[in-house]
Every structure is written in C-alpha cells, then in structure tokens.
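Read through the structure below, which is laid out as structure tokens, and then see the notes.
Order of writing sets the chain letters: A, B and C. Residues in each chain are counted from 1.
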Amino acid sequence: MLDQLISSLTDGLLLGFVYGVAAMGLTLIWGVMSVINLAHGPIIALGMFGAYLLFTHLGVNPYLAMAPVAGAGLIVGLVIYVIAVHRVINAPHLSSLLATFAVNMIIIGVGTAVFSTSPQNIDYSLGSVEVGFLTFPASRLVGAVGAILVTACLYLFLYFTRPGKAIRAVANNRMASELMGIPSSRVLALSFGLGAMMAAVAGGLIATFFPFTILSGGPYELKSFVICVLGGLGHPLGALVGGLLLGGLEGLIPTFMPVSWVPVVEFGLFVLVLLVRPSGLFGAK
Amino acid sequence: MILQVQDLTKRFGGLQALSDVTFALPEGQILGLIGPNGAGKTTLFNVINGVYPPTQGQVFFRGEDVTGKPSYEIARRGLARTHQVVRPLTDLSVRENVMVGACFGREHQHLRPAARLADEALTQVGLIDRADQPSGSLNVAQKKRLEMARALAAKPHLILLDEVLAGLNPSEIASMMATVRAIRDQGITILMIEHVMQAIMAISDRILVLDYGMLIAAGLPEEVANNPQVIEAYLGDPKMTAQLLAE
Amino acid sequence: MKACQTPGFWLPLVIVSVWGGVVLLIHQDTMRETAFILLMAVGLASSLNILLGYTGYVSFGHIVFFGLGGYTGFYLLSAQDWPLFAAAIGGGLLSALIAGLVGLAVLRLRGAYFALATIGINEAARAFVSNFEPYGGATGMFVNFSVYQKYGGPGPALWTTFIFLWITALAVLLVSYLVKHSRFGLGLLAIREDEDAAMVMGVKAPQAKTITYVISAFFPGVIGTLYFFKNGNIEPGDAFQLHMSIEMLVMVMLGGMGTVMGPLVGAAGYQWLRGYLLTSPIFKDLHLAVAGAMLLLIILFVPTGVVGWVRNHVRRLQKVLE
C-alpha cells in the first residue's frame, strides 16, 4: 500500500513540474499586467500540436522540437497581445478577460476546423525508468527535468538580463518604469509572449505523456488557475510549488477515493484558497 | 460632544500611521486638522468613518461606540465625508450621484423625495445647472462640489471634509469657504483637513495638528500658529525660521 | 403607474409578449423550437445582467445556477413526480439558496478573483454532481416518458413548457426593470461605479450584492428545469457548460450591459448570428471562431454594446432604450 502511495505520489509530482511550467506562464502575465489570459488553454493545445506536427511530419525529436515550439509560442503571445490585449490594458478587468476569452474561442474554432477533434498522439517512447521499487515512464522524468530547466532559464532571464529586469520593473510599477524610460508597451508584449511561450512548452511536454486534441488545453487551463491561486498570482516560483502541490494531490487522492472526486477536491480547494488566502502561498505582488 | 476619539492607533504591517490620537469635537464647531503630508490625516478620517478599523483605541459618535463598525453603518448614523481624491460615480448623472447620498444617508429617503433633496443640495453648492450631466464630465472643482452635495444630501450631523480646497484657484477657494460656513450655519458640525493655511486658520474654531501619526498640538488657531513644535513640523528648525522671517 | 408610460418599461415586455403570442397562434413546432432557444437566451442573459450590469461583478460561471437548478427541478419532477411549474420554481429556489450561501463568501472577492471563483464553483458543482448518486452521477437522469402524459402527451407538454418559459422571460425583464429603477438598484449602480465610495455613503454593499446574486440565480434555475424537461434527460456535461456561461456574457456585452433592452437585443442578435453560422456552408465549422472574433471586436471598439452605443449617440432614444 505504501509502495503504491509513493509510486502515485512520484508520478503526480513529476507531472506537477510540467503543470508548474504551464501555470508560470499564466502567473507571469498576471503579475506583470494584471491580465488573466483566458487563451491560456488553447495556447497549451497549440504547443501540443506544434510538437506533434514537427515530430510526425518532419521527424524532429519531440524534445528538440521544444525549441521551435517555444519560439512559436513567443510569437503567438506577441500577436495576441498586440491584437487583443493592448487596447484594453487599462480598461476594467472584464474587458481583458473577455478579450482573451475571445481569442480562446477563435483559436479553438479555427483549430477544430483544421485539426478536427480526433485525438492525436506522439508515438515516441523512451521506455521506463526504475528507481528502487518505483517504475515510471522516462518521458515523465525528462518532462520534469525540462520543466526545471525552463524555470531556471526564466529566472536567469528575469534577474540577469536587461529585458528581464525591465519586465520586473514594469510588474512592480508601470508608471514609474515609463518615467525611467522603459518602453512599457514593448515590455508588456514581451511578457505576454513569454507567458504564451511557457504555456506552449508545457503543452509540448504534455504531448509526450498523453494523447490530446485541440480541446485538451482546457483542463490544464483550469489547473493553471488553481495552481496560480495556490502559489500566489504573480509569483513564478509559487506556480512551480503550486504545480507540485496539485500534481502531488492528484497522485495521492485516487488511493483514498474514486478518481472522479479529484476535480471536486481541486476546485473546492481553489474556491477555499480564494476565500481564505487569495494572495496564495507566496503572497500577492 | 458629537465626536470623541480616544487613544486611536493604526498600524499597517510595520508602518505606524496613527499613535494614541485623542480629541473631542463639540457639536456645531468647525475643527481644522492640519499637518505635513503623510502625517496620517486621511488615515484618521478613514478610521473614524469605518473604512478600516483601528488597531487600538475607540471612536464615539454622538455617544455611541462605533469603533470598527463598517463605513455604511457609520454613514447611516449621520456621518458623511468627502474624499481627497474625488470619487464621483462616473456613469451616473450629477443628480443621481447626490441621490445616492440622500437614499442611503441618515434619512434613508425614497427615490422621489431623494431627487428633491438632491436638487436642494445641488443648488446649495451651485451645481444645479449640471444636474442631468454625467458626473464624469465635471472638472475637479465641480467634482469637489459634487462630493459636498452628496454629503449634504445625506443630512448628516457631522461632515468630514478632506482637502476640499486642493486644486482650486483663489476665487474658487473663497466661494467654497462661503459654502463651508453656510453648512456650519445649518447646524452641521465640520471636521476638515486642509493645507491652505490662511483659509483653514480663518474658518476654524479650533485646530488639531498631526505629525507622523501623533497629535502634536491642539487649540485656537492663533495658539497653534505660534507653537514651535508645529512650526518645526512644517518648516524644520524654528530658530532658523525666525531668522529667515526676521531678514 | 408612471412606469407604464415610459417606453423603456413596456417596450421589451411588449416585444417578448407579441413574439410569444405569435408563436402560440401559428402553433408550428419548428418555430416554437427557435423561439424556445431565443427565450432561453433572453432569460439567461437578462438574469446575468442583473448581477453584471448593475453591480459590475463578472460571473464567468453563472451557468452553474442553470445546471444546479435544472438538476433539482428535473429530480423533483422525475423522481418525486412534482408538477412542472412547481418543480421549476423548486429548481429556481435551490439555485437562489446556493447563491445566497456561496455569495456571502465569494462576493467578498473583487474583479478577476471573483470571476475565477465563479469558474471554480461551476467546475466544483459539475464534479460534485457527477459523483452524486441521487442525481444520477456521471450518467445523469432520464425522464420517464409517462411523465409527458400528465400534460397530454409529448406535444402538448412541449407547448406547456414553452408557455412557462415565455412567462419566465417576461418575469426576468420585469424584475430587471424594477430593480434598475428602485432605490435598491441605485445602490447597486453606486456599487458598480465605486464600491468603497458607495459604502461610505451608506450603501450596505455586502447585503445588496448577495441579494442581487440570489435574484440573478433564481431565474436560470427555473429555465434550466424547463430546458432539461423538454430535453428528456440531463447529464453533468450538458448542465455546467462553461461555453454557455460565456455565451451569456457575450449576449449581455453585445446588447449592452446595465440596460433592460440590452440583453434582449444581444440575445436575439447572437442567436441569429449563431443560427446563420451553423447553417452556412462556409462558416459551419468556424462558428465559434466567428463568435470569438465578434466578441473581440465588441470589446475593443464598442464596449457599451449595441444599446449602449445607440443611447450615447441618439439622445432622443434614451428614454426608449432603457
């Protein structure tokens, strides 16, 4: 019993790293410009399809495909910002919520027409890994490592490069940053692009675990909301920790109750955290 | 005593905004509250009118302990207030703005009498011509008058005025001061924060001085004006001030 | 009543009354079906508008009341053999009760946090109902065909359901107008513009918001019961669709939030567009994308919606388009 518990927990935690990367994209955008990107799910799905297409049609190793997928994600984010978000950045929250949701509808609509809703799969197995009594797919381990790498890169970018510092400045106080000469619109666009990039990369990694459709981003978007609130909106590290928490919970719960109760616990926890400590584990920005 | 404030203390995390502030305000007076920027004057208003509860201390309004009560409870008991940074209800018309005051203030009027009361208040502050305009279209001076009309329509016993003169030119100031006097003559007690020294010294019955969250002086305007601590708070070294004035 | 003289009051009511009356007279099934969808949209959009338009609180998961009320009403009429009207009211009351309990807590949140919480509530409700045996768990519930006999057979039953929905839509529009023009409604508008300033002026914001949430939840509950009764079955996937929630928002935004006429115009416009897209060979697969593009254009360029735009540009119509 304990063996099974630890096995499920490890599985969940490894998955949690990838959840964390996805949520980091969302929380970065929220932290910098107070916009909740409701197109987050479809971007994750686009990442899934990106990796899949590169693998299936160009024979690219799915893990190497992460680089172009990341690039595409960045561009998609920039485009979404310029078209949908820029005009409503200073409007009441409802406007940006609906604008990004409109983008969500557009991507899903076009995606369904292009890709249909049949499930796709990346047929690339790395086999299993054995650590002591635990056995799990190697792809999970690689995914977790990839997630940690991406997090590290993000932190290096935010703290050691000029654009990164500009992003932190704008997140802290947009008006003051503008007075210091930082082109805030460009910084906001970049931040949105980065957020989308992380969502796309997370999608690519998830595509190596499970089959997917254009609609698969939805559940991960909902998980990202829960994770961001758990970890504190605006805190990338909090998103990673939140992701691990959620992944761990998902791994543990099925041992104690039927798996169909997992969403009830997830969303119950979500609403509870929002009510009791909306600033999350790491506090609000 | 219409308002009694005892040992009021307010901390925001590590910041001590108010320390042991104590004073009493008799009915019908105009009490002026002055102090350098950041002294805690608006915080004091916020604690008195229930926007946030004090960390320690008590507030008595007309003999009732209202410490920590939410702002709408205190408003209904007859305490109205204007804001330093004006807060009009933008999408509503000027008249509708003032009607909110009348409907939810002390007298809890219904819509039609509230409209009449609103027009009376607007006439008193000189905004009646703009009653049907959206309140977002007013300039700053007019918005300040709107806030006053809103407060008046609530038929309060006590009004807290937060820098009603800020941003006004000299003739607007004179006009506003006349309105303030007229409000007092109606029997409403006034506690006002101001930076325009001449105006507040001229109109107040008594003055309170706040500095770094503490009450450093209280008394008649002339007494306070000559208080060395007050001068130091505003200008720094009193000896040097005297030197500069002498030159 | 002075209100009876203002077109803003009777125009929406007359439009819906006449439209429903025409459908009843012609007594044709396909026309009824189209009208049913439309009236449902009007009812749902207007209910959401009572919360969103008057208090400014964005409920992204408002469909949860449609689902919970629908499930409860369905249970009452299929498992407990209640008559349709009573079951629908029962569904509405349960939704209202949940809104009251949940609202007290959730309405303390502002802006985007509130929106997220409503999504969470909808998902939690769906997940819960999927596990709730009395409501059929993951498979849902089916109506025993004999239930339709109570109303004279499936045909007449559908017409009865239509009439109830018609009355409900009229009721929502009426309530929407009355709230907006009451003292209570003035307090709500004050909350929408500046909640803290409203409280300083004496508006009891927490209570006012909760009451509004309860009102806005009641009608979707009633409508849900009627819809699923007509459908013959109910399952978690159909009852808590986030997409329906968003469509409600789109309809309110398209028509113009905060007005009585707005949701009516928005619902009609959106349903017309949706019907056109679904049947057009070019756009069939892209209807979601087109709806999304439309929503984006509204948000970016006409945020006050059709009715709002007209009101701002044609002063004379302000009294007519409330």
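What we mean here is this: contacts are C-beta pairs under 8 Å (C-beta built on N, C-alpha and C of every residue); 3 or more make two chains touch, one makes a residue touch a chain.
All figures in this text were calculated on a predicted structure; none of them were measured in a lab.
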{"item": "Chain closest to the middle [Cα centroid of all protein chains]", "value": "C"}
{"item": "Comparison of B-C and A-C (more C-beta pairs in contact)", "value": "A-C"}
{"item": "Far-end chain from subunit B, centres as C-alpha averages", "value": "A"}
{"item": "Between subunit B and subunit A, distance of the C-alpha-averaged centres to the nearest whole Å", "value": "49"}
{"item": "Inter-centroid spacing, subunit C versus subunit A (mean Cα positions, whole Å)", "value": "32"}
{"item": "Distance between the centres, which are taken as Cα means, of subunit C and subunit B, whole angstrom", "value": "44"}
{"item": "Shared interface positions of subunit B, touching two or more other chains", "value": "none"}
{"item": "Touch list for subunit A against partner subunit C, complex", "value": "34, 36, 83-84, 87-88, 91-95, 97-99, 101-110, 112-113, 222, 225-226, 229, 258, 260-264, 266-268, 270-271, 274-275, 278"}
{"item": "Residues of subunit B touching subunit C in the complex", "value": "49, 51, 70-72, 75-76, 80-81, 83, 87-92, 96, 99-101, 103-105, 108, 110-111, 114, 150, 154"}
{"item": "Subunit B partner contacts - residues on subunit C that touch it in the complex", "value": "181-183, 186-187, 189-190, 192-194, 196-205"}
{"item": "Of all residues in subunit C, those that touch subunit A in their complex", "value": "56, 58, 60, 105-106, 108-109, 111-113, 115-117, 119-121, 123-124, 126-128, 130-131, 138, 246, 249-250, 253, 285-293, 295-296, 299-300, 303"}
